[in-house]
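Each of the next two complexes has chain A plus one other chain: chain B in the first, chain C in the second.
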Partner chain A sequence: MTAIELVNVSKVFLGEQQREVRAVDHVDLAIQTGEFFSLLGSSGCGKTTILRMIAGFELPTEGEVLLNGEPMGDRPPFHRPINTVFQNYALFPHLTVAQNVAFGLEMEGVSKAELHARVLELLALVQLKGFEKRRPHQLSGGQQQRVALARALVKKPQVLLFDEPLGALDLKLRKEMQLELKHMQQQLGITFIYVTHDQEEALTMSDRLAVLSAGQVQQVGTPSEIYEQPNCRFVADFIGESNFLVGQVIEQEAAGIIVLVDGELPIAIPGYTDLPIGKVVTLVIRPEKITAHRQTPTDEAGLLGKIQEIVYLGMNTRLIVQLTAQSQLIVRQQNVKRIISPMFEVGEQIRLRINPDNFQVLLEGTLRTSVQKTSKLRR
Partner chain B sequence: MTQQFIHQVQQKMRSPHLDLLIRKGMQGGLWAVTAIGIVFLYLPIAVLVIYSFNASKLNAVWQGFTLSWYHSLFTSVAGTGSDFTSEQIWEALWNSLQVGGLATIVATVLGTMLALGLERFRFQRKQWLEGLLFLPIVIPDITMGISLLVFFSLAFQIIEQLTGVRLVLSLPTIIIGHVAFNISYVAVTVRARIAELDPVLEEAAMDLGANELRTFGRITLPLIFPGILSGALLAFTLSLDDFVITFFTAGVGSTTLPIFVYGMIKQSVTPAINAISTLMLIASLGIVLTSLALQRR
Partner chain C sequence: MTLLNWFSQRLKTNQQRQTFALSLLLFPGTFWLLLFFVVPLLIVVLYSFLERGTYGGVDWQFTLEHYARLLNPIYWGVLGRSLLLAANTTLLCLLVGYPMAFFIASRPARWRNTLLLLVIIPFWTNFLVRIYAWIVILRQEGVINTFLESLHLVGEPLDLLFNSTAVTLGLIYGYLPFMILPLYATLERFDFSLLDAAHDLGANDLKTLIRIVLPLTARGIVAGSLLVFIPAVGEFVTPDLLGGAKSIMMGNLVHSQFLAARNWPFGSALSILMMAIVLAPILIYFRIAEQKLNA
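Let's look at the complex of A and B:
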């Protein structure tokens, strides 16, 4: 069943000098009931605006937000069975922890006894028993985060929204909270919609995620779909590290096609037999799916390249290899053995082996652009 | 030759001894300047307070400590040779408190509403209105007083022509005058507090099921309340101390304390005036300090 559906939703803000800014641009999304769904994108991509439209803080300029199939229209936030955990928690500073958690129930007119019981139950769930009388400023960031969670959960929402809730926590606590949130979501079965700019966070926690850019949804899928089969260059580049090789289909065979990269290097790709000859494509290959081998006179398998740079990173070694005049490949070599002296030297000619199944073929790209860095650097 | 000389002088001036001397001189100088400023500010007030305990009837000569001037404020009756009766003082004080209390309540409500409007709503030409907000603070009191006087006489004329009712300057006109200048002070104070309030808190309240009214009552109002109280105390002090605007808007029988003191001076300057002034000073100081403490909270 679909919990939240966005149908052709756009949001236009009036900026400086009445200039229109399209924060969300014709977005269609369907989020399933009980799903942990993330909206991933860099700042200004529209992810928070989407969340605010679901919560009811903003109304769509065009399109419709549906909850369980029912259009929300201009229903205010206090009439939606949806709650939010805010970025900086937004705890009420003049109320105690217990009063903060009780706030939502008080608004519902729940009886004193039930209210008290529910507050205690929720504080126990987030492991904050005994903190009832404290004020928010007397709590650590992690504890405030838990209060914010309890305050939202006490309403038994059908959908719980998170606006980068872990951004203010340090790395270790963030990782703990990620797992905790994931477990809690599985236990409670509530639909979670989680906004983040942290790709690792999104991949770790989500059942599915949407990658956003410039107010548009670029791709929706499971973490592995997004990582292994990015549908566009933006997604491949944004999630993890990618190598891009732009080339032209020059041959069709029964089993696949041959792409001539940078006009000099033919690469055979299985499948895609429907692509016409002359079609420009971009081949995407992840650095860890390439292996580097020392050249031997007898072994001619793989692509020939010259090492430009070697960076030892502990768990793996990162090589930058000049493949063609225009393209370099980043290679991540797992350090499966202890490396006392470097395996390769800068300037050395090596063989790169890639299983052709690991290429993702994108039907986009411009030929003869001098691609200098194949991907943004990531340590 | 000349250049070399200048260079030598500059070298001399860079000597560490001279630098140290300059630093010490500056430190001493700063201390002296500060002291002069403080003395300038507070010496007259100190004299006022000290001479309120002077046994002499003349302000100029010190003849020993007495509390009799304070005592006289509470005990003077007509026909005892005193320039005033304590009944007059109490009446003036009561008038001042009435004016201050009512003007503060009205100005606080209106000023808070104005502050909320200015801080929360976006509309065209808002900066003009913001400028207007500061106008009553910067325009001279005398201008304000005269404009109010002109306004009231015009309004009274119109009312008399329309209804035949003849109105005169009295306590209500003073109150209206005080409201007029106090709104700005309250609005500015409250606005500073609202600006510190994170609007996300209000969103969070609505997210949890509170409509706009309950959000205002449960979240916004309690959080900006110190600012409102602080603005109200400021307004109350300004109202109690105001002379110029009151002078122009007061009528017969609506003498406030500052006006009464002014009247006393015209007859003779006795230490009783010092005593009243000292008490007013203490009261104002207490209120202003409370107001400042609330702003910090």
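Let's look at the complex of A and C:
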């Protein structure tokens, strides 16, 4: 079932000098009930605005937000069964922890006895038993965050929204809270919508995520779909590290196509037989899916390249390899054995092996016709 | 300078030097307050216990007659009216000033200073001139009456001037900025994301105001109310110009005792009474604030 649906939603703000700023641009999204869904993007991409429109703090300029299939229209936040954990927690400083958690229930007119029981139950859930009488300023960041969570959860919302809730915490606490939130979501079965700019956070926690840029949804999918099959250069570049090779289809065979990269290097790709000859494509390959091998006279498999740079990073070694006159490849070599002396040297010719199934083919890109032209542009 | 150096070198510890520097810095202010505030106040207290002199001044003879005279219900009537007018003024200033302060504080930062300036600008004109402007507006052939008559809404001019309403209007006008500025100072520090949080948890606008905004800005409300109430109780210019014989306030009474009746001791006794009554709400406020802090 669909918990939240956005149909062609746009939000236009009036900026400086009455200039219109389109923060959210014709967004369609369907978020399933019980799902952990993340909105991922850099600052200013419109992710928080989308969240605020779901909560009801902002109303869409165009389009419609639906909850369980019901249009929300201009219904105010206090009439939506949706709650939010805010970025700076927004705890009420003049109320104690228990009063903060009780606030939402008081607004519902819940009886004193039930209210007390529910507050204690929720504080136990977020492991803050015994903190009832404290004030927010007497708590650490992590504890404040738990109060904010309890305060929202006590309302038994159908959908719980998170606006970068872990942003202010240090790395270790953050990792702990990520796991805890994920477990809590699985236990409670509530739909979580989580806004973050941290791709690792989004990949770790989400069932599905949407990658946003310039107010538009670039791609929606599971973490592995987003990482392994990015649908555009932006997503491939934004999530993790990617190599891009731009080329032209020069041959069609029964099993696949051959792409000529930078006018000099042919690469065989299985499938995509419907692509016409002459079509310009971009091949995306993740650095960890390339293996580097020392050249031997007998072994001629793989692409030949010259090492430009070697950086030892502990868990792996990062190589930058010149593949063609115009293209370099980043290679991440897992250090499966202890490396006492370097495996390769800068300037060495090596062979790079790539399983052709690991290429993601994007139907976009512009050919760089000549070396002179690009080098001129760089200067 | 050399004397100072010599002296500070004789102080052994840092602590001693700091104390010395602090007392040096505090000396001018302390001296000023002692000479021009505490001493005159003591003189007023002293005079209130002395016989009146024939042509003003005092005769050096102890008496309690002035305090006995304060028991006369006439003065309690004036005092009551002063308190009522000041309370009305404070309440109305709060009702007008709070939304204004809220509005200014919730504007983008670049607008706030301009809006605050608009609140303060009337201060640049002499107070008397501004009160006279109200006479021009309110009198029988004034702006309002002329306007109403030209529309044939009233047959004969309304009596808008020389009554308690006119005095209250003048007081509100004069003291509104004293309400707005402290309110603004607290509201400016107010975290407006708390409004979202309250709405999110099911509170409508009214409940958000009562449960979140008012408690968190209580300090500003109290500060603004004291700043309006205290001077309004002792006001004498506004009631003198805008009020009639029936809207005389404590300030007018003190004023007339010193200047017209030449009864300095009684004027002093009236002042002491007024001070005691104004002091009461402040003491209560500090007591409550202290309890809140300790809680």
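Criterion: the second predicted complex is superposed on the first by the 368 of 379 C-alpha atoms of A that agree within 3 Å, B and C clash if a C-alpha of one lies under 4 Å from a C-alpha of the other, contacts with A are read in each partner's own complex, and residues count from 1 in each chain.
In this text, a contact is a pair of C-beta atoms (placed from the backbone, for glycine too) under 8 Å apart; a residue touches a chain by one contact, two chains touch by 3 or more.
Being a predicted model, the structure only gives us computed values, none of them experimental.
After alignment on the shared chain A, the placement of chain B and chain C results in a clash. In the superposition on chain A, no contact is made by A:312 with either chain B or chain C. After overlaying the two complexes on the shared chain, residue contacts for A:77 are found with chain B and with chain C alike. Once chain A of one complex is fitted onto chain A of the other, the partner contacts of A:13 are absent, as it touches neither chain B nor chain C.
By the touch criterion defined above, A:57 lies against chain B and chain C together after alignment on the C-alpha atoms of chain A. On chain A, the patch touched by chain B and the patch touched by chain C overlap at residues 55, 57, 76-78, 82-84, 86, 88, 90-94, 103-104, 107-108, 151-152, 155. Touching chain A in their complex are the following residues of chain C: 191, 193-194, 196-204, 207, 211-212, 215-216. Here chain A touches chain C in the complex through residues 55-57, 76-78, 82-84, 86, 88, 90-94, 103-104, 107-108, 151-152, 155, going by the rule given at the top.
Every residue of chain B that touches chain A in the complex is listed here, in rising order: 198, 200-201, 203-211, 214, 218-219, 222-223.
On the side of chain A, the complex with chain B involves touching residues 55, 57, 76-78, 82-84, 86-88, 90-94, 103-104, 107-108, 151-152, 155.
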